[in-house]
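Multiple structures are listed underneath, in structure tokens.
First chain A sits with chain B, and in the next complex the same chain sits with chain C.
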Partner chain A sequence: MEEISTKVLVIGGGPGGYVTAIRAGQLGLPTIVVEEAKLGGTCLNVGCIPSKALIHAAEAFHHAKAQEKGASPFGLSVASPTLDFGKTIGWKDGIVGRLTNGVAGLLRKHKVKAIAGKAELIDGKSCVVRMADGDKRIHAEHIVLATGSAPVEVPALPFGGPVISSTEALALDAVPATLVVVGAGYIGLELGMAYAKLGSKVTVVEAADRILPVWDPELTAPVAKRLKQLGVEVLTATTAHALSDDQRALVVRQSGSVDKLTIAADKVLVAVGRMPRTQGFGLEKLDLTMQGRFIAIDDQCATSMRNVWAVGDVTGEPMLAHRAMAQGEMVAEIIAGEKRSFDKTAIAAVCFTDPEIVSVGLLPNQAKAQGLEIVIGNFPFLANGRAMSQDDEAGFVRVVARADNHLVLGIQAVGMGVAELSSAFALALEMGAVLEDIAGTIHAHPTRGEAFQEAALGALGHALHI
Partner chain B sequence: MAYDVVVIGSGPGGYVSAIKAAQLGLKVAVVEKRETFGGTCLNIGCIPSKALLHASEMMAEAQHSFDTLGVEVTPKLNLPKMMAHKDATVASNVNGVAFLFKKNKIDSFRGTGKVLGQGKVSVTGEDGKVEEIEARNIVIATGSDVAGIPGVSVDFDEKVIVSSTGALSLEKVPGHLVVVGGGVIGLELGSVWARLGAKVTVVEYLDTILGGMDGDVAKQFQRLLSKQGFEFKLGAKVTGVAKSENGATVTFEPVKGGSAETIEAEIVLVSTGRRPYTDGLGLAEAGVELDERGRVKTDGHRTNVEGIYAIGDVVVGPMLAHKAEDEGIAVAEIIAGQAGHVNYSVIPSVVYTSPEVASVGKTEEQLKAEGIAYKAGKFPFSANGRARAMLHTDGFVKVLADKDTDRVLGVHIVGFGAGEMIHEAAVLMEFGGSSEDLGRTCHAHPTMSEAVKEAALATFFKPIHM
Partner chain C sequence: MAIRIIKLPDIGEGVAEAEVVEWHVQPGQEIGEDDLLAAVMTDKATVEIPSPVAGTVIELGGEVGSVMAVGSKLVAIETEAAGSRLEAETVPVEDAPKAEPAAASVEKPAEKSAPVVEKPKAPIPEKVSRPPAEPVRGTPLEAQAKPVASPAVRGRARDAGVDLRQIRGTGPAGRVTHQDLDAFMASGAVPAASSRTPRREGVEQIKIVGLRRRIAEKMAESTRKIAHFAYVEEVDMTALEELRAHLNKRHPDRPKLTVLPFIVRALTQALRDFPQMNALYDDDAEVVSRYAAAHVGIAAQTPNGLMVPVLKHAETLDLWQTAQEIRRLAEAARDGTAKRDELSGSTITISSLGDLGGIVSTPVINRPEVAIVGINKMAIRPVWQDDRFVPRKMMNLSSSFDHRVVDGHDAASFIRAIKERLELPATLFIEA
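Let's turn to the complex of A and B:
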């Protein structure tokens, strides 16, 4: 067996893993990253990036259809727009290909060795990679676990046949005539809305009593409204029971009802969450302390075993690529001898539905639950000039702050394009901004960002434009 | 009855000042000679131009990008309908201001305001009737007007030879539009008509477009506009604009000397800048001093006459609506006995072309001229996942920071949605933040604003994704 020694061994080539490896390489540490599938992990291959591409294409087609019907106010009309879905998927695959090749290039540039194969841990210092041309044994001073997560299965609806996960939903041959989405979380709604815009009849089934239950109803109401406008049927307080006998429909049951409903479904997308990948690569041999299903880490991403680190989805919520990347950067720097700890007051959560939702820091009810007395400022986009000129006035920006010293605790927004406002929100929280800081920062006119300033003014009791 | 504050002009500076003063408990009146409130910005400036820019961008996307996404359309333009969208946007904005005046119990006088001296303003109505108003404090917010070309007589008919006002209301798409002046206004409106099918030639006195912007930005931006079909005649001094049989002609000669050239145009847009508007205000008689460029001289927003203040385009500084708004707030606070303040070093500016250009703080050229030791970090959108997923990979982010302290001194962005991304930099700079502060703030994935983080990483160490 070939034996290799290195300083840093990263298991998993997703955003957490490849960023750890790049940073380690930049800092001059000999580094190997092992990936069993494709570099870039879930995010680049079957997650964030391809879904955003599909959402963008769906939006384009939706606009074109609106223009065909004469519903566009912009004075544009188009004659019978058609969709070449094969081309759409091909375009998406092209983007994914370029980005994953880009990761490979970056690793090379920073002298990181990427090994394609499945790693199996031997102990806290080594692993074996099984490969076609013989096994390799890698010894490392440091091991970074970045194995990510996988879609959760519903026992009654195992994946296969018409039952698909987000992975397959991003690579369909054709737009399904009918699509049932199980789970009204962000993944289900992002993809459900995209397919509704591409022409599917979409039904969403959610066990909780409303969509996107992690957020408050005020924040999610504009999305609920848009779902209705798109003709998406949302069945809340409803559980998926099983596929029908002919496999062409989903049987569901609404809570409080004994009767079952059958919904036609060419495809059933199950998007009820993701679980950490902690099995199948010898993790149990390390006997690390766990935190529920996740690997337990401290504020430096150190596990219970010295020089074994873990980053990303395998370490818990929030399962977000940008959290994983931030952890990865940090771990590489710690290994290189720098003093770092993970102390992010703000990790923005973004939901790329229509309209988009962003949440950073505390929601009003979370702040209240902590016993804090708060003030809230809310500024609607219908009073924002830029939103009017874009003919999409749905949504608002909301700022939550302490009533006594005006420290900003949380910022939420829902509306077209608010994903790009999230970084300003995060920065404000990281800087410990008070309402007056935001109100006193000049925001360019006319932009949607002005709504942030106005929300802060509103929380102070003197919004200008409402 | 005497008002606490009389504001002359109801543009962004004036109406915001009035609202803020009323919120602070002062009795306020506004004098406006236009039929609707909102000034240049809302009626014939920012807002209508953004409405047309957005609508024409939809057209350009349908023509050029949809096909790549697999959406096949044949778009058709209905210009009157597009203009109706613009008019509706303007109407809802100006009605919004009227509503806010009512809500804040602000009186309004329709007519031309004139300062009669300390404490007195006259209003001359359209019918010639003159009314006098007592005012403990007067705020001059009369804005600016189209400047024309120095030394050249231009006969604006707003049909063939137009200012920005006429360029917002052309009856058909011109075959050839010649834009005199390669600044923000000319390039924005030039973009509208170029996207709708016009051939656009820009004639500019300087050797660069967007004079005063960061050199890197201007250069890249010119390249991108050229790709969109813009033709540029730089270093060209216009010596004549005249009507001709088929439209108009523009004559210019190289600034460095050489032979003159004359080009034919269907429409000529003269957008060479704006001049402070003080016509008929009676400032000389009232003893209010102007500076050498005809702007009202102020010191801490106060003119040399007790109780008379001036804000916005009519005073020194960038002619931007949000700068005027901030001055309006500061003046209201000062009049109410508070400490109003405007931080002139952090005023973002945005060009709403495609891609957008946004900037805050110092340019590289300014830092060089001032002898400040700096470091720069750049990151291209071509290496950003969301940009790829939206087919918006043009442009970059550039961060400039102090070489020793790492304090961020300027941020410049060329790219889709740059106008919304710049606020993060504005908030950072208000806090005196460093590029490391910016680079270590978790930025949501996948967003375009990750490029801001990467440029910051590049400034203090190394970017991850490049």
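Let's turn to the complex of A and C:
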């Protein structure tokens, strides 16, 4: 067996793993990253990026269709638009390919050795990689676990046949005529709305009593409204039971009802969450301390075993690529001897539904639950010139601040394109902004960002444009 | 009290519904007539709805974004003087900060009283502590445990090993600025290597009163007047330990014997040959009084401080009586019930630190006595015997003598007399 020694061994080539490896390479640490599937992990291959490509294509098609119906307020009309879905998927695959090749290039540039194969941990210092041309044994001073997460399966609806996860939903041959989405979280709604726009008859089944239950109803109301406009039927307080006998429909039951409902479904997308990948690669041999299903880490991403680190989805919520990347960057710097700890004030969460939702920091009810006296400023896009001129006035920006010293605790927005405002929101929280900082910053006109300034002004009691 | 329901008014021709875009009021808020309640949006315009009455808002008809039909309930307002009760719950935005409990209490609760030798109940020691720097206004610590600072400031602080929680931020909301960090580091407050351990600040001043003051005075007087010299000798306790274990096993009904009764016995026997050690030196009168009786003080740590209960006529007590009496005195000293004559009148003192004990100590003589014998910790040590090392239970005796009236040779001989008795414990029981 070929034996290799290195300083840093990263297991998993997703955003957490490849960023750890790039940063370690930049710092001059001999580094190996092992990836069993494709570099870029869930995010680049079957998550963030391809779903955004699909959502964009769906939105463009939906827009064109709307104009065809003569709904354009500004007089645009188009002859019946069509979509070559195979080409859509091909275009999406092209983007994924460019990005994953980009990751491979960055790793090369920073002299990181990328090994394609499945790593199997031997102990806290070594692993074996099974490869076609023979096994390799890798010894490392530091091991970084970045194995990510996988879609959760519903026992009654195992993946296979018409039952698909988000991975398969991003690579269908054709737009299904009927699609049932199980789970009204961000993944289910993003994809459900995209397929609704592509022409599927979409039904969303959610066990909780409303969509996107992690956020407050005020924030999610514009999405609920748009779902209705798109003709998506949302069945809340409803649980999926099983496929019908002919495999062409999903049987569900609404809580409080004995009758079962059968919903036609060419495809059933199960999007009820993701679970950390902690099995099948020898992790149990390390006997690390766990926190629930996740690997327990401290504020330096150190596990219970010395020089074994963990980053990304395998370490817990929020399971977001940008959190994993920040953790990976930090771990590489700690291994290089720098003083670092994960002291972030906030991690922005973005939901690419229509309209988009951004949430950074505390929601009003979370701040109140901490016993804080708060003030809230809320500015609707109805009163924003840019929103009007984009013909999409749904949503608002909301700022939550301490009542006593005006320290901003949280910022939320819902509306077209607000994902791009997340950087301003996160910066404000990370810099420790008070309401006066945001109100006192000139926001370019006409932009949606003005609503951010106006919300801060509103919390101070003197919004200008409402 | 009356509850008025304010309905969404007919805003204009043909408008049947409007969307609430902003609430100007919240439940619990007191409003005046003509104060604005809400902004609603129709497909034609945004319209502000004023309140037709004064009162307290008790309910909103919907959330921002909800579409309401003209004529439906917009808000419910409690009118007339419902005031006083709700007024108390109304919190203006510019309210004064909550009192900071940590900063307010300058004095810590008083410590448990410490009895003095004469008076079991001593005055309460007064603790004066300086409060730490006043926390930032309106920033309760529990709610803002994380310091507010930009990532750049946090990074610099981490690299410099500075805990930002120590710095009082001058920025808005107590934000720590680059300047605050510069000033903190310029004040010479950059800590040593380990940045993981926060630096400790503050000085606690404790008034020396009661028993502590008496101890302080006695110790200072003793070291100022007496020309101390220390003498350390090691004792092989192996044989004595065997005897002790045997006796304890044979007499489970009697008080358990520690090493101390054996040492008391060895000491009192040795004193027969060295009367100059069992003496009080009145240095003002320049008289040394040698005592026939061995009144052995046992210096002991109690929760209230150092005390020296006295074994009167130790020469008359057998091992178990000695053990019994030591225990009784120690308990009396500990719970503060020792009588005055049980805490005074010693002619020589034994100092024992129990399990601590160390290797060597230099005990301070209990003036006007002239000698003190300190017991160090027993340990199994390798001892060269014949042609090899053997494990032996070894213990040091660290003693101090008043060189003004005791010569070194005599002191060494006295300690040897004790050592011989301890090493050959049978001699402890053979009347010479």
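As a working rule, the second predicted complex is superposed on the first by the 466 of 466 C-alpha atoms of A that agree within 3 Å, B and C clash if a C-alpha of one lies under 4 Å from a C-alpha of the other, contacts with A are read in each partner's own complex, and residues count from 1 in each chain.
By our rule, a contact is a pair of C-beta atoms (placed from the backbone, for glycine too) under 8 Å apart; a residue touches a chain by one contact, two chains touch by 3 or more.
Since we're looking at a predicted model, the values are computed, not measured.
Specify the outcome, clash or fit, for chain B and chain C once both structures are aligned onto chain A.
fit
Rounding in steps of 10 degrees, give the angle chain B-chain A-chain C taken between C-alpha centres.
100
Answer with first, second, both or neither: which of chain B and chain C does A:V375 touch in the superposed model?
A:V375 contacts chain C only, not chain B.
Touch check for A:A174: first (chain B), second (chain C), both, or neither?
A:A174 contacts neither chain B nor chain C.
Tell me the contact category for A:A383 with respect to chain B and chain C: first, second, both or neither.
both
Once the structures are superposed on A, label A:T82 by its partner contacts, choosing first (chain B), second (chain C), both or neither.
The answer is first: A:T82 touches chain B but not chain C.
For A:Q67, decide between first (touching chain B), second (touching chain C), both and neither.
First partner only, chain B.
Quick one: classify A:L99 as touching chain B (first), chain C (second), both or neither.
first
Which holds for A:R402: it touches chain B only (first), chain C only (second), both, or neither?
In the superposition, A:R402 contacts chain C only.
Going by the contact rule set out at the top, does A:A221 touch chain B (first), chain C (second), both, or neither?
second
In the superposed model, which partner reaches more residues of chain A, chain B or chain C?
B
So, A:A242: does it touch chain B (first), chain C (second), both, or neither?
Neither: A:A242 stays clear of chain B and chain C.
With both complexes placed on chain A, how many Å separate the closest C-alpha atoms of chain B and chain C?
Superposed on chain A, the two chains' closest C-alpha atoms are separated by 5 Å.
Taking the contacts chain A makes with chain B in one complex and with chain C in the other, which residues are shared?
383, 430-431, 437, 466
Can you list the chain A residues touching chain C in their complex?
Residues in contact with chain C: 217-218, 221-222, 338-341, 343, 345, 370-373, 375, 378, 380, 382-383, 396, 402-407, 430-432, 434, 436-437, 458, 461, 466.
Using the touch definition from the top, list the residues of chain B that touch chain A in their complex.
Counting only chain B, the residues touching chain A are 12, 16, 19-20, 23, 41-42, 46-47, 50-51, 53-55, 58-59, 61-62, 65-66, 68-85, 88-89, 92-93, 96, 100, 320-323, 325-326, 329, 341-343, 346-350, 358, 383, 385-386, 388-391, 417, 419-424, 426-428, 430-431, 433, 437-438, 440-450, 452-453, 461-462, 464-466.
Could you pull out which chain C residues touch chain A in their complex?
19, 21-22, 39, 41, 46, 63-66, 91, 93, 95, 97, 137-139, 143-144, 146, 148-151, 154, 158-159, 161, 171-175, 195
Once bound in the complex, which stretches of chain A touch chain B?
Spelled out, the residues of chain A in touch with chain B are 15, 19, 22-23, 26, 43-44, 48-50, 52-53, 55-57, 60-61, 63-64, 67, 72-79, 81-92, 95, 98-99, 102, 106, 320-323, 325-326, 329, 344, 346-350, 358, 383, 385-386, 388-391, 417, 419-424, 426-428, 430-431, 433, 437-438, 440-450, 452, 462, 464-466.
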